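Chain lettering (A, B, C and D) follows the sequence in which the chains are written, and residue indices restart at 1 in each chain.
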């Protein structure tokens, strides 16, 4: 059940480049979050500006601790990663749909950049059998944007791509996907919208079930304001309520990419 | 000459109660400020809110360092004293009129609360002879609101009053004034408006010259916006240009106190 | 502000035939139909639930994106998406009725007829305590001019709805335009309560892509940025002495923000944007308002109405 | 944004007969008469100096306090205090003329006659490059309704001033009210340039003392809070294709804020509140705008005008 509560900043760690790890405590309500679910975060210090809470995927949980992997892209994220230990943050969560429970058979996980966050929780929550069946394709612009590679590699098979070839294979995640789709039971993906659209198309062509985790600007995060609508094949979808995780086929990709 | 420049926060020290000492460096432009002059301060971090710079009296200078004595009363002052060392602050100054250069003869300085700031600079700038002739009446609500008493006492005669009698004489600064006005050449005062009005009246009755340092909400701090007007006997006075230090007789006290 | 438990303040307000337990309501469009929040918010603690706007038939919303954050404010272009007044009456109203809360139903249309249909339907519906007309809609039969921008058009519209319902009829006005003239026309036409007001037309453009931030190009600004504009609107309408209670809406975040509206002349308030980021905002604000009453030594929140001290007052 | 010295961008703009070296001007009332700032700001770097508003005879201001800070904005009630148009022409204009800058003189009145007197005086004055009429003033002969709220009244006023001057005549409009209709009336009456716009009526009350924060009770809201409202006004007036250049005003703090106005359809901008807190704001904003042009690969700032990409554009 969604709860609204205030948590405390335990640490903010700079990971690399524009990526930070925000750890909150007093987050019992998020302990059983499912991979793909997210939380709306709003530091109390924001007062009149920024106004809105910001959505972030639940990346890791441990007791009443929750970690978020945050990429700074604007004033909200900039301010969030400058929070001091002990600051209070209003949290709404866990919100939204989760990736489907793994069916039997090989799973391909495709993460682009900070889209790693919900995929990371999937790996955490999976059992050994599921992990043995899973391959993560993890793409970034450059080697410096890759995080937690060692940890990830110990748990699932990992294929890394970078756009500049500074680590792993040079190219895009989609270049590595096709060869893995054969016999694959499920594709789960999170990353830039354009990337996910491509992933969805490849999975569709291979007739492999595919779930994507969409993004949209949000105000309420709980299906109230109708602000986070994205075009779906059967009418608008609310990313915070119908998503963020959606069967790829439900999304009207042409409209989304306009 | 007034300059607009950016300075760096060196330290912020909590003094007592709601009083803080803010030390800026890179303030060469303020080095020769006269007692009563002030500066408009605006941390770069404010961005869209708060909007306006805030005026503060120059309390002490030393080389390119300047100290401000700041009482937190609202969001601007609250935020200012939470600045970290190294933060950049836009500064406009020195602005405004100064207390008159001491004439010969006894001077009575009357400071209420944080009104001590410009009086403190007067004492710093005075020579030994002037200090020997000066008496400071320094009032506060309670003992905890009194600051720098030792330093002050080493330099001028100090009479302290507190409203609750927790230190010095119990009562108001004005209770102690009358006996000192006999033979006094000049009264200089800064503090709450109601207090200054009272001081001005007593000085007037004793036919002693009196200068007050007024306050007003300011936007530009340099005579441009006409925002800081206060009623004067000969039409409105701009606190930032005609003041803050004004001959008490120029102020229309009745209107000011409405 | 500390709240002393031993002090009692009468928080009730009377809005022409509708008594509220306290003056802090949700604002239309920021609390859905109330029922979505029943597990997060104690609905009985709200002054009233004000629903998302309804039209006679279901309405699609605007194209995405629909939300952009401005400075100290939010611009939205939801497009009044809703499932229609009948769906509301069948699906949501029975659930809402089971909670001990007042229900104010917001509605709108593109023609006078649309408004009248809604008003008649809601008049007949059990559990609707008051009807709030959103006048900030374009009149498609008058070249798209907003009903609420023209006093005579606003008056005609209110009069038509007045004939369709005997329940309390609230008119929600625009903060921009000839606000006093429109207010007077609405009261003359039979509005029981005036709500001030709606969002302010606004726009943002992404300089990098050169595209408008919203799919609908422009939207409505809400939040702290508009608070002083709304307080002024309440103040000038209050001074016009139209004889009906006013509801202040715009940028309320704290009990003191709400108090400003009451002092300016409002009898009650609605909280929109803040409710989006803090589901329980109304209840906290009510508590802060009660603490403010205690601090101001008033025993009834109604004593604050229009109690702003002007020149010459002591 | 980094500014590459090797790139050249043509920053000049042409406002119906008045060429500016760059599109960033000061806004009336926030830069005095220019001369006060000559030691702090290189006046030649400004697109133009726009003066504080002048009336035919000296005018006292409002009672204190005159400034209150709102959320992301400032409310002022200065009351158009000024020493009169003749004093300006004798004392300030000769000094201003000695600097290589464009001078736009803002003026206002309480009657049509007031406006005409100012326009005629400024028409005759050497060193005045353009006249900016402030239409947000109450017409004392029309019960205090603002000239700029009524299209026909605005049109008559502009026509009267048009007859009094052959210099470029700019009309500065209100952001609230029937903005497109008023804009059209002004252009039809001969305005060369439209400026959008003035502050938005607003009010704040101190809950502790229950007094209005301003001596004049209400004032005008400026600053970041109104930026999206002003961008939208420029956008809708630009779409009306009235055939005159627009000047965007409201809440500009950065070069990107200014760029939004240009993309919405403005040819130039004015910077008010930010100039109060940063005397050199216009010059920094001009530099940021130039850097933005380089980033956007436009060789002339004029290419940004109305270049907002709407539906279907690539």
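Here is the rule we go by: a contact is a pair of C-beta atoms (placed from the backbone, for glycine too) under 8 Å apart; a residue touches a chain by one contact, two chains touch by 3 or more.
From a predicted model like this one, the values you see are computed outputs, not experimental measurements.
Undergrad: Return the chains shared as contacts by chain B and chain C, ordered by label.
TA: In this structure, the chains that contact chain C and also chain B are A, D.
Undergrad: Measuring centre to centre, with centres taken as mean CA positions, what chain is farthest from chain C?
TA: Here the answer is chain B, farthest from chain C.
Undergrad: Return the distance between the CA-based centres of chain B and chain D, expressed in whole Å.
TA: 36
Undergrad: Just give me the whole-number Å value for how far the CA centre of chain A lies from that of chain D.
TA: 46
Undergrad: So, what's the distance in Å between the C-alpha centres of chain B and chain A?
TA: About 55 Å, centre to centre.
Undergrad: Residues of chain D touching 2+ other chains?
TA: Chain D, residues with two or more chain partners: 71-73, 224.
Undergrad: Can you pull out the residues of chain A that are in contact with at least two other chains?
TA: Where chain A meets two or more other chains at a single residue, that happens at 48-49.
Undergrad: Treating touching as the only link between chains, describe the layout with one word: line, ring, star, complete or other.
TA: Contact pattern: complete, every chain touching every other.
Undergrad: Which stretch or stretches of chain D touch chain C in the complex?
TA: Of all residues in chain D, those touching chain C are 70-73, 75, 149, 175-178, 200-205, 207, 209-212, 217-218, 221, 224-229, 231-232, 235-236, 251, 256, 259-260, 263-264, 292, 296, 307-310.
Undergrad: Flag every residue of chain C that touches chain B in the complex, lowest number first.
TA: Within the complex, chain C contacts chain B at residues 71-72.
Undergrad: Contact residues on chain C for chain A in the complex?
TA: 29-32, 36-37, 39-40, 60-61, 63-69, 71-74, 76, 78, 81, 223-224, 253, 273, 276-280
Undergrad: Across the complex, what residues on chain A touch chain D?
TA: Touching chain D from chain A are residues 48-49.
Undergrad: For a test of understanding, state which residues of chain A touch chain C in their complex under the given definition.
TA: 1-4, 40, 42, 47-53, 76, 90, 92, 216-220, 222-231, 235-236
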